[in-house]
Amino acid sequence: METELRIGVFVCHCGINIAGVLDIEDLCEYAGTLPNVVTVQPNLFTCAETGTSGIKNAVKEHDLNRVVVAACTPRTHEPIFRASCQEAGINPYFFEMVNIREHCSWVHRHDREAAQGKARDLIRMAVARAMFLEPIETFKSKVEPRALVIGAGIAGMSSALALAGEGFDVTLLEKKAEMGGLLRDLHKVAPSEVGAGELVEQKVAAIKQEGRIQCFTSATLEEVSGYVGNYSATFSSNGNTHTHKVGAIIVATGGAPLKPMGLYNYDGKRVITQSELETKLKSGKLDAKSIVMIQCVGARIPERNYCSRICCMVAIKNSLHIKEIAKDAKVFVLYRDIQAYGVENEALFLKAKEAGVRFIRYNLESPPVVGDGNVEIYHPAMGKEVPLPAELVVLSTPIVAHDDAESVSRILKVPVNEYRFFLEAHAKLSPLDFATNGIYLCGNAHYPATVREAISQALGAASRASIILSHDAIERVGTVARVDQELCSSCFACVKVCPYQVPHMDEGGKAMIEPMQCQGCGICVAECPAEAIQFGYVSDAQIMAACEALCA
Amino acid sequence: MNNFEPLIAVFSCHYCSYAAADLAGSSRIQYPPNIRVIKIPCTGRVSVNHILKALECGADGVYVAGCLEGTCHFISGNFKAKQRVQYAKNLLSEINMEPERVQMYFMSAAEGAKFANVAKEMTETIRELGPSPLGQNKSE
Amino acid sequence: MIVAERKPMEEILSMIEDANRILVLGCRGCTTVCCAGGPKEVQELATLIRMNRKQKGTTVETLEASNELQCEPQSVGPLLEKLADQFDVILSMACGAGVQTIVKSFPDVRVLPALNTNFIGMAEEHGVWTEVCVACGDCLLGRTAGICPMTRCAKQLLNGPCGGSMKGKCEISKDVDCAWQLIIDRLTRLGRLEVLEEIYPVKDWSAGWHRGPQKIVREDLTS
Amino acid sequence: MSIQDLIERTKVSFCQDCGVCTGSCPVSRVLPGFSPQQMVGKFVLSADLGLEDEALSDRDMWSCLTCALCLQRCPSKVEYLEFVRAVREEAFRTGNKATFAHDGVIETIVNMQRGGLHQNKTAWAREAGQIAESGEYYLFVGCLPYFDVLFRDMGISSLGSASHMLKMLNKLGIEPVVSDEERCCGHDLLWSGNVDVFKELAAFNIEMIKRCGSKKVIFGCPEGYVAFKAYYPLYFGELDFEVVHFYDLVGEQIKDGALKLSRVEEQTVTYHDPCRLGRMAGIYEAPRELIAGMPGMTLVEMERNRENAVCCGVSCWANCSSYSKQIQMDRLKEAEATGADALITACPKCKIHFTCALSSSDMKMEVKDLTEVMAASALEH
Amino acid sequence: MSRDVLVIGGGIAGIQASLDLAEQGFTVYLVERLPSIGGKMAQLDKTFPTNDCSICIMGPKLFEVERHPNTQLLTYTDVEAVKGGAGNFTVTVRKKARYVDEAKCTACGLCAEKCPVSVPDVFNMNMDTRSAIYKYFPQGIPSVYTIDDSVCRIFKGKKCNICAKICEAKAVNYEQKDAVFDLNVGAIIVATGFDVFDPSDIKPYGYGTIPDVITAMEFERLLNASGPTGGHLERLSSLNTKAEIEQLEKQIKHAKAGLKRAEKNGQNSDKVDEVKKRLAEMNESLDGLKAKEASLAELRDIAFVQCVGSRDLRYNAHCCSYGCMHSVKEAVVATEHESELKSTIFFTDMRAYGKEFHEYCLRGGSEYGIHFVRGRVAEIAQGDGGRPVVWCEDMDTRKVEQHPFDLVVLATACVPSQGSASLATMLGFNLDESGFVKTDPNKPVDTSVQGIFVCGCAQGPMDIPSSVSLASAAASMAVQTVKALG
């Protein structure tokens, strides 16, 4: 049952912005000659109240089912006119906009004749396209008001508490037998000087008290299916298998300091890592009177070319703690670039200098050499190698990703980078989101972070997740791709080209695109060799119609 | 022949080049009135057949204008577009048409002047090539 | 899957030089999957033909269609049957089997191939297909660790690498792996190197295309 | 004081290893290998490794001009000046001493003043104007009479500056005390590590001024001014007299209209900030206002002026060498590039050093003392 | 009691916090003191380490926050007083008069085109001019014009109503008054950002006296396609010369017209001669300027000077966190503009501590030929033809070196924004030793006042992703507060 196409065209003067260059009367007259156009109306300002109500009245009066507005840029004004269409009772996507201001009157002021011709062409193309517009509906999907937080280190615990504080249920998974993560083994947290264990205990106590958080220790994530608002996560914990329905997922799987096997005579006794030093500090078993710390051990080198962000501050913190215990202990920190960014860190760096910690820079080309009872280093001011007394050598090693990062990545279908840190949706503006809707990340799983940063990110990730969880249902405008399975040749082209890994083969062996996950770019539509993927928002028919209307 | 006015179709992505065109407008940067923009969500939406269609229907030139390389809003759409434009050029060569009639450009939303320059450059390129044998100008 | 690619336009255009009504007929089977002759390519070819004619100042009528599986006579639907006679030429974008099936279905119409049928292959990555099977009719994969020496060894050696195998590469090109290196590596990994010591009867070379056209009849299926 | 205390007190371990000091240091630019940062770095490491003798025997510390440019610019606020002074003090004790120019004659003169040497320091003053035995104002003449003798063959009359200063004071109705008893201010000894003698001289001077009953001690020489203003109190607590720079005093009187500057010959001049007056005492504008206040005088600035001015190349008569000469010539060329006819300075030593450098070049630049230039304007009518 | 939230500051942090809250269904008031939201990020050309165009990625966020049904944008608005406590704050705000009706203005820009006033454009770091009625920047949101009453002729009692006359939408209203009103909110998020340190305090660097010594933010605008040069890399001295030439050419044209008139009217020859003489003089100085402009060779060598006013106990003890990466990015982008260009970065410590940062620096060296010199610049002198000369000790070779450059870019410190001290007093929270909002490291967005949270550079210097993360964190805390108390 074909309904007759009835198109209304509205041409805006935009004061003299358009009318100063283009002959609006001529445009209206011309639009009237185009097929299926039943009414054409000029407006002084189409976006003003008189303009939008004019559209609504015209829809009623002329029984319009397509609306074309020739005015300014759709980037700012399309939503206004779509709303008018909706209010007039026609699908908001039965609307097409022609930009005769930014793309015409403003940029061809000195060639009115050509500008007029171009405006006619643009209107003709839009009317042609309008004939093939398809209605687009929004659809809803129920949201499970529970979050899954993977990892119960400082980041995961903070996220879980924040989510509970916002009123959502949380499933918290910890792979070890106890919550706490990396902080369990550490001494004190800088610069607050709170004991790391104390901080963990506070959080653990709060989690245990919080009825909304269900924590599973010795847990392994096994399978996750579904999509934003509606995931189903299966995991085992202490021999039992559970499946929880969750609306959002936070990845807080953390990281661990690199064990510097084979570097700088590391032996775990006289040559130890910073975290091993913290264990000593915690138990009060440090008696060395001369300590040399070496920075960038296993980091910022060709095989691991990243800076681990926090090791300089860890060294500074620990050197201060040593100085607190033994003021006369000699502490040398051998560094390449001190990463004491910001206010707090730089202040702590200064404090260490004040306390008598000595900082000596070295180059990658002439690294320190750990000898018996000393560390030899090229001292730039001396201009020669100098042996520094070292009863104890402490190596600052980078945080590296956990081995299980890859399996979590595979289960959640979210990417990791070459060093197996999880890859956020956008380095700048979506640092806590994955490209996949409904999954978020924080803490060392993303990249090495200080406790302050890990907590910040944890709270932030909780906020991102809450955006999903706070709704009973998620609405999604159907500007998405859909597979016509009748036509699908099962070639996997869509699966391979989608930048978001949305398409997959269903049980019948045909491609399937979950509309809640589709981002609406249209890449698969253009790639599908069987022309089996439909994209009503910008269909082939619309584009072809516009092309065909290029010439009068 | 050289004062012929080419007709050029532009496939312009919503996030960058369309925004650049808007910026050219609000900055009142003047450029030749020969281009006709067809807005698409991402240049990855453009298929070879769209490009061919535009040429068949009389465009003297076609170009696809996407985000700067590496900054596509949809991650890899402009990369796909670049590949397809190259493929379309190959097809044109196969039927003895100048591949220069089809081009790919990259620009950011902040580059209004670049949008204008590209429009200028393409208009000049096509003017040099002369009317498309498929176009409305061919008999003039 | 059968892998094919479109013939050069020059060749296609010269074949259809005198045709004015052309049916471009794609196949939704293998040639869609290998992106050579599916609906998208049908449209592309039809457009290119029209553009070429328009360039010459003449016109041509094209119809674009694709059927489910061109190598199956039944997939020629009634609509197509009705239309086909109205065309000077049917330009098939299926494999050779598809083209010949159409030839059989329309004995009075000129049917031309638009594709070259290249090989039986697999999709290595999106846009890359490699030949992996020569349809020899006597499959050896069971004793060559699943790697076909008939396809992948330039000499089709069946008993180990030749002297031209250098650092795992074939002497014909340093980009081509030596099939036997791959076979031995994989057998080693599987811990089944001893299968090479087994003595097999001579391969039945008569089963492949060397012998002339072949036919398989399943009597339980025939009517 | 222990070496570690010295390190802590002077904040040298705050060094960020950034190189601003070296990049700024006038010596480093002409003497490759010399670097304040390196001097500090070596010292700290030697001290940490228990090699204190090695630390104190480093000769680099004597190459420093103590011009305070690095101190001014150091982002870590390392107390370079105090560090050098204190290290020199320690080094002096262990026998690592400076090499003095002019065969050490000036050092000898200073040392001679420790005893009861009778000086005839007032003869010129009686000739030049009115002085008093006691009273509110004391004019500290310092070494000018000695320089006058030592550098007369270079055409420098250091006492000329002193007498003009006195004449101008007289004109303002001030008859200051000028005393034969006055000893060297000790500045050079302080900066050569000989702190014991410095203290001896300072104690004597303080006592002597007390005896004269003066409440305001006027200085024309920046070194004396700084020695009294900053270092006497360091060792003897707050002084019971005020330390006044001549230019501040005169400047105020001019503002009040008590002293008038009359037109001088039209000329373009540039002004060299002495380190002690500028960076160490913070007096940048008073001399410039005086110059600009003389009708006919046009002041043009060198590129490196005020906080950024460079040293005249020698300090406390130590280590005068080829690099000193190069620093001086560079500075004179900078002055020449401004198009000025004369370089005006406000320190007798700067004047001597620049005049000396000029004498071996064919540059047409005059080096003048601000007090003398001013006298021509203030006293001619 | 209220469950609404006030966000102070419309930079990327404030925007992100507002969006997070709005999307969770809370009503948000976003207050911005400038005419448009966008903040410092809007002024940047590209962002590291992805080289994303800043306004391109930010633009959609600007639209989103403006359009969201739960947000109310209060631009050109100051916070004047705050009463009450967590769960129930009463905030008095003053929405300054724009003299343009926001609902009517279509941002067509005709008014700005015709406005006779020309003043330095702050958004373009004063390297360009704007009119008295202006849009803060082209992509600014809300997309409306504002009359700067400190320069507009009408408000100086002079005759002019050009903008009101030309505006077809009838949006200009000189009678508009400030609106002062109260907002009742349950929580407050402070996202007031930072200021760029003024390097003219550092005398040895010659900023303000040597024309080709500029700040990183100024360079950012020079790189930007909508900046004063349209993205063409030029040094400031040649820009200045060009402006002078333009000015002079205008004067000459004027004088010529005058001369023609005088000759036509048969005025006495003395006057004509005088005009002729003046014209000759002007032509001569025009030639001089043109020669000067021609003598300025292409921009080839750029120096980037790190830690200007940062990590410097004389000015700011803290590190600006982003300066190293900012300069590497500017060098990379500059090379993309002009492949022949050589960049040298003088640094103290290379602080490339974020994800992909170190790799970015390495690429900057290997692919873009950036020359990294370890050593903080001691002074910038003026060399031949006014070219800046950078003096520095190379800490790797331990040699003092001087190099002339065409342009020197100062990576200036990040300092607390101007109003932050008074805001702290008004709201009652504490500041840290550097003047940023003090927080407990283990409660990273809590200020010392319950119910007031902080994010972005108001909390301390940080890069964009950290600002965004912190903004979401602040939103989470605000939600928890209003859910418990509001």
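Chains: A, B, C, D and E, in written order; residue numbering restarts at 1 for each.
The working rule: a residue touches a chain if its C-beta (ideal position, glycine included) is under 8 Å from a C-beta of that chain, and two chains touch if they have at least 3 such contacts.
Note that the structure is predicted; figures quoted are calculated from it, not measured.
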Response to the item:
Neighbours of subunit C that also touch subunit A are B
Worksheet entry | Interface with the most contact pairs, given as the two chains involved | A-E
Fill in: Chain of greatest Cα-centre distance to subunit D
C
Worksheet item: Relative to the centroid of every protein C-alpha atom displayed, which chain's own C-alpha centroid is closest?
Response: E
Item to complete: Compute the distance, rounded to whole Å, between the mean C-alpha positions of subunit A and subunit B.
Response: 32
Item to complete: Return the distance between the CA-based centres of subunit A and subunit D, expressed in whole Å.
Response: 63
Practice prompt. Let me have the rounded angstrom distance from the C-alpha centre of subunit C over to the C-alpha centre of subunit D, please.
Written response: 96
Practice prompt. Express in whole angstrom the distance between the two chain centres, defined as the mean CA positions of subunit A and subunit E.
Written response: 26
Worksheet item: Can you list the residues of subunit A that touch 2 or more other chains?
Response: 75, 350, 361, 380, 497
Worksheet entry | Where subunit D touches two or more other chains, by residue | 14, 17, 35, 37-38
Practice prompt. Would you give the residues of subunit E that are in contact with at least 2 other chains, written as numbers and ranges?
Written response: 50, 52, 57, 311, 349, 395, 398
Practice prompt. Could you please write down every pair of chains that are in touch?
Written response: A-B, A-C, A-D, A-E, B-C, B-E, D-E
Discussion item. Taking the touch rule as given, give the residues of subunit A at its contact with subunit B in the complex, in rising order.
Written reply: 73-75, 99, 101-104, 106-111, 114-115, 117-118, 121-122, 125, 435, 479, 497, 499-500, 519-523, 525-527, 535, 537-538, 540, 543-544, 546-551
Item to complete: State the interface residues of subunit B toward subunit E in the complex, per the touch definition above.
Response: 15-16, 19, 23, 26-28, 67-68, 70-71, 108-114
Worksheet item: Can you name the residues of subunit A that touch subunit E in the complex?
Response: 14-17, 44-45, 47-48, 72, 75-76, 79, 162, 165-167, 189-192, 194, 199, 300, 305-307, 309, 337-347, 350, 361, 363, 380, 383, 417, 421, 426-432, 442, 446-447, 451-453, 455-464, 466-467, 470-471
Discussion item. If we count contacts the way the header does, which residues on subunit A are in touch with subunit D in the complex?
Written reply: 330, 350, 353-354, 356, 358-361, 379-382, 386, 388-389
Discussion item. Looking at the complex, which residues from subunit B come into contact with subunit A?
Written reply: 5, 7, 9, 14, 18-19, 21-22, 24-26, 28-31, 33-34, 36-42, 44-47, 49-50, 53-54, 56-59, 73-77, 80, 84, 116, 135-136
